[in-house]
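Each structure below is given as structure tokens.
Two complexes, one shared chain (chain A), two partners (chain B, chain C).
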Partner chain A sequence: MQRPAESRPIQSPAESRQPPAASPVIEVRGLEVSFPSPSERTGERVLKAADDVSFALRPGEVLGLVGESGCGKSVTALSLLGLVPPPGRITGGSAVFEGADLLALPESTLQGIRGARISMIFQEPMTALNPVFTIGEQVAEVLRAHRRMDRARAWRGAVEALARVGIADAATRARAYPHEISGGMRQRAMIAMALACGPDVLIADEPTTALDVIVQAQIVDLLLEVQSATGLAVLFISHDLGVISEVADRVMVMYAGRLVEEAPAEALFSGPLHPYTRGLIDTLPGGAPGDATRRRLPAIPGTVPDLRALPQGCRFAERCPLAEDACRAAEPPLQEGADGRRVACFMAGPSFKAEP
Partner chain B sequence: MSRHPTGQTAGGQGMLALAWMRFRRHRLALGSTVVLAVLAALAVAAPLVEAILGTSFGEVDLFNRFAAPSPAHPLGTDELGRDVLVRLLHGGRISLAVGLTAAVVSAILGTVVGLSAGYYGGRLDALLMRFTDGVIALPFLPLLIVLAAVDLGKLGLPAAVVQSEYVSLMRIVAIVALVGWTTVARLVRGAALSLREREFVLAAHAQGAGGMRIMAVHILPNLVSPIVVATTLSVGNVILLESVLSFLGLGIEPAIPSWGNLLTGAQELIWDAPALAFYPGLLIFATVIAFNFLGDGLQDALDPKAMEG
Partner chain C sequence: MSRYLLDRVVQSAIVLALMSFAIYALIGLMPGDPIDLMISADPKMTSEDAARLRALYGLDKPIIERYGNWLQAALGGDFGYSRMHAKPVLDVLVPALGNTAVLLGLSFVLSIAVALPLGVAAARRPYSRTDYAINLFAFAGISVPPFWLALLLIILFAVILGILPAGGVPAVGDGGFWEGARYLVLPVATLTIASIGGHTRYVRAAMLETLRQDYIQTARAKGLDQDLVVYKHALRNALIPVVTIVALNFGYLFSGALITETIFAYPGMGKLIFDAIMANDFNLALIALLFAALLTLLGNLLADIAYAALDPRISYR
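Moving on, here comes the complex of A and B:
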């Protein structure tokens, strides 16, 4: 998806902000989410939508998570809230939030956390909003559920929340039904709902994907504004590298259920270590910053492997221009390198960086 | 999904106004509403009519049997010299009350069963739906006859309840509700199955709502239209059913007039006094038809797809 204008160069907003180094708000270790799979051919019983996913979300940062459809981004996010859709199950790992493991908490405790401490916004605000209630009622409902506010106070709170996300004339707009307002305004209403209780963490699952580019830019600006005003930690999921480069302080790249690379945004876009990341960045129109030459857009050959029948060794090997026998023999571990970068590739090294 | 011109609805003038706009275009439904409103008003006003005419629905006057219509008896009198108009109006009170109550009670039962089955799914769904299938498969009329013949005194109910003259009324409501909830249960279950997969339910979960809250606050309001339509349509059926049961002598006890037992009482006199059968028959016919048109009109007016279009 193309970014709106050249006036928004890739990565500049992220560059300007300092990545904070405090202890993480959420620390995920070895997360594994499995779905039963009736595959006669392979005899495989389960597929792992997320496999050994570990990362830390620090307070006040925007952590980007990129990958193509079906790579496990959304499942990873949903598992933090205990919302993995059945028949999927969390089959391993931990996600520590304020000393408690989110993956092991009882449903009743999770209900108090969802929406109040950890909020989530979704891709398509038309379907994520209930069609039979006005947006004001829906924001008020969150306040009533978590803050036990009475109707009148919750309504005032809802109007304030809508005003905070830049909805003009919020008192009137609060009485509108989702189908009566524009897509951008619906997403603002979703954000108002998510932020109404002042959460510590916001999980944004492709929040700009369903919007046109102009509105995308507005929503991204709004999220960044809110984030810097409240010190919220954001896990920002997208398949759009352009959007990620604008919002994220750090970026994680996911492929076929595993994290393959993690790096500060600037470093990732200027010098990707994993060939998959490199391939993704090459597919951006305009390519890397400064590369203004006109060219045919490259594509990564092949398709994502079937999660039910993963090849031995590196999951990306079949599509990788650098794959060697070693890659097909064993799966490369996610190794931590200097300056906080992590990469899962045997070929990642000085020699790889020199490749065109 | 085009949007409505904002001038019409922004500021929350709302869905009801839109539904009313569509409903008004449905002439038969509008006419039916008027008919039903008049019938209901007359039924409510039955004691007033009694007072004006100086009679009551049980007052027997054996010297004035089968009287022709007159100022004192606008529709004449029956085989015991009772005022036909007053008995019809009282019958309307009973028939409409039984119809509405039974329809509402079975809608509530059906909604609870259907919503639990559709929302929780899995085993509970299978269990509840097989049970529903079972109830649907029961032969209806023999069951009704058995249920209507149960001696409540032997069930251990207090004597005051058993001997109350309205016990036959409550019995009918209970019988109809016990077998009538299946339609709504299936309807609600189907709709709940699709609604629970909608993203706003996931969003509600992500905002910390629990299962009960999601069912009550997020799913149920989306089901109001189909439930209202199904309930309206079933009122007519219940009134018909009541007359069938009363006709078989299993319904409302003859001491209390209902349209059904007025018809029953008239059957042996059909050649002597056809009007006695004609009036309650006509009222049942008109009411059932009117509820059906009303249901159709509501369906068109409340259809959520029409709402977004």
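Moving on, here comes the complex of A and C:
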């Protein structure tokens, strides 16, 4: 793993002055994840799936991460657990968790953190669960690995964990194989598995995307319930701003490998600063979820640019209604305003803010 | 037993019945019958004698009728008499079957015991030096014809080094376990080497496929040890296709054993069938060939059973 030499200190003076409750559980700085890319045309050797990503996850909050598919959300999340799929590599940055840099820890130490202190759940609970083991076994396994429980105790622990996520008759259901239970139940089993060891952080990567609307709402409720009961910090990833609006306290918007905006959820939805965020909000259907009149509005025209051949300047410029020459000349940096919000846009002035 | 497996057993029985007729008819088509043998053995025999004998043995009847008679006797447990060995067919068949089972069983277990760790190691680091080395080894194993390998081993270990017998079995009275084992080494080695390559490739391919699955990422995200992820979560799934294909390939393995036995003059099914056909020992050849077919059918049935046993998503109900 290569790390830039100017790697910054673990805590900046500004944050150390804040009350301890607000000091982040995980602080990510300048994260860069690269994939070798065989693009002869541009001569480029690597693509950056995550490029200079910095953020803090605070205790007890639900931090939303949103962006269209392929923007680097999963890669960002996986890098925190050292699970970037090869040939991808972390090529820069740090992610400090309890004083240690997750990106630099040896595999053996990471193994002790994964599933115990920082857990992750995935999009497709059918494929994310192993088809040949019962769900009870798959939960019990975590307890055996991290808590050194014997088989009998781990099984009882697994049944309890399944009951805690609202699986009725957990003692019987624990003996079911993944294909024998419903999609919602499978995702509950995934959550039970993730929470079995009482982690400090839960990373939920599109946890409701594969589920139908009603089950989706149930899983969101469950996650929020669990979160407020245990006070764990959640990084909630979705390409669907609608889901994010239901769960997140704070929202980060990612575009083509970079963070382009970050704001408290209410502020973001009432007054987005970045035209990409505005575009995402505009595609949100009006009316309440489940409302029959609710329908999708047209998406933002165009697609996410090829990460192997990024345009000069702002990555969003070619799809942006506000783009000017300045946007195509240089890439706008992610800047923090007085209100603590961050945005990477030259056009994010008061005039843009004033728009309804 | 479940309905599906019952159906499969019935299907296998039908296939076996059809095979028995096909084999019976094919043997009937072979030039020469027992009466021809008697004629050549006895120059004083006239053609009237021959015709009388043919009628006596029922050889003048149409093949369907002869088959019907044979089948009736066989179903009653009477497989006839081996002329060559001058013994009931079963008395000759059973020891040969046992010898082949030892040869096949040993080489199969050895082959899997080597192929499993090799295939897994190759799949864990695809396109690494380890993987290339293992692939090279596997392709070499697949490419070498067993009969050529057998001759090579005989030349090396029996002729040049003179440390192992070139073939056959211990002389009578020179028994003893270790003496018998010495005669097994080269045939077992031949069959093992001939099948390791294929088995390694199956394991590697199946492991590569399972290691890409989402549940492997989940297992790693749970903080499980790498070896546990590979040998529990991945291998357990990879075994489903491997066991199936290996069981379905049982026929190839069996025919490989027959060739190897013939080269090493090993007294198993291969040698038995070969000698019986060469000697026009119809009763023996017929039953021996049928047993070979039966074993292959059993291999296929076993594949189905193993598939259901290994994959909880499959249930034959």
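By our rule, the second predicted complex is superposed on the first by the 322 of 356 C-alpha atoms of A that agree within 3 Å, B and C clash if a C-alpha of one lies under 4 Å from a C-alpha of the other, contacts with A are read in each partner's own complex, and residues count from 1 in each chain.
We adopt the following convention: a residue touches a chain if its C-beta (ideal position, glycine included) is under 8 Å from a C-beta of that chain, and two chains touch if they have at least 3 such contacts.
Predicted model, so just to flag it, every value in this text is computed and none were measured.
In the model built by aligning both structures on chain A, chain B clashes with chain C. In the superposition on chain A, A:Ser270 contacts neither chain B nor chain C.
Touch criterion not met for A:Thr91: it reaches neither chain B nor chain C.
By the document's definition of touching, neither partner reaches A:Ser54: not chain B, not chain C.
Touching more residues of chain A than its counterpart among chain B and chain C is B. In the superposition on chain A, contact is made by A:Thr172 with chain B only, not with chain C. By the touch criterion defined above, A:Pro131 reaches both chain B and chain C.
After superposition on chain A, the chain C segment that clashes with chain B is 3-11; the remaining candidates among 3-11, 39-47 or 273-281 show no clashing C-alpha atoms.
Chain A uses residues 81, 83, 85, 107, 110-116, 119-120, 122, 124, 127-133, 141-142, 145-146, 177, 179, 190, 193 to touch chain B in one structure and chain C in the other. On the chain C side of its complex with chain A, the touching residues are 213-215, 217-226, 228, 233, 236-237, 240, 310-313.
Chain A makes touch with chain C in their complex at residues 81, 83, 85, 107, 110-116, 119-120, 122, 124, 127-133, 141-142, 145-146, 177, 179, 190, 193. Across the interface of their complex, chain B is touched by residues 81, 83, 85, 107-108, 110-116, 119-120, 122, 124, 126-134, 141-142, 145-146, 172, 175-177, 179-180, 190, 193-194 of chain A. In the complex of the two chains, the chain B residues touching chain A come out as 1, 3-4, 6, 9-12, 14-15, 198-200, 202-210, 213, 217-218, 221-222, 224, 304, 307-308.
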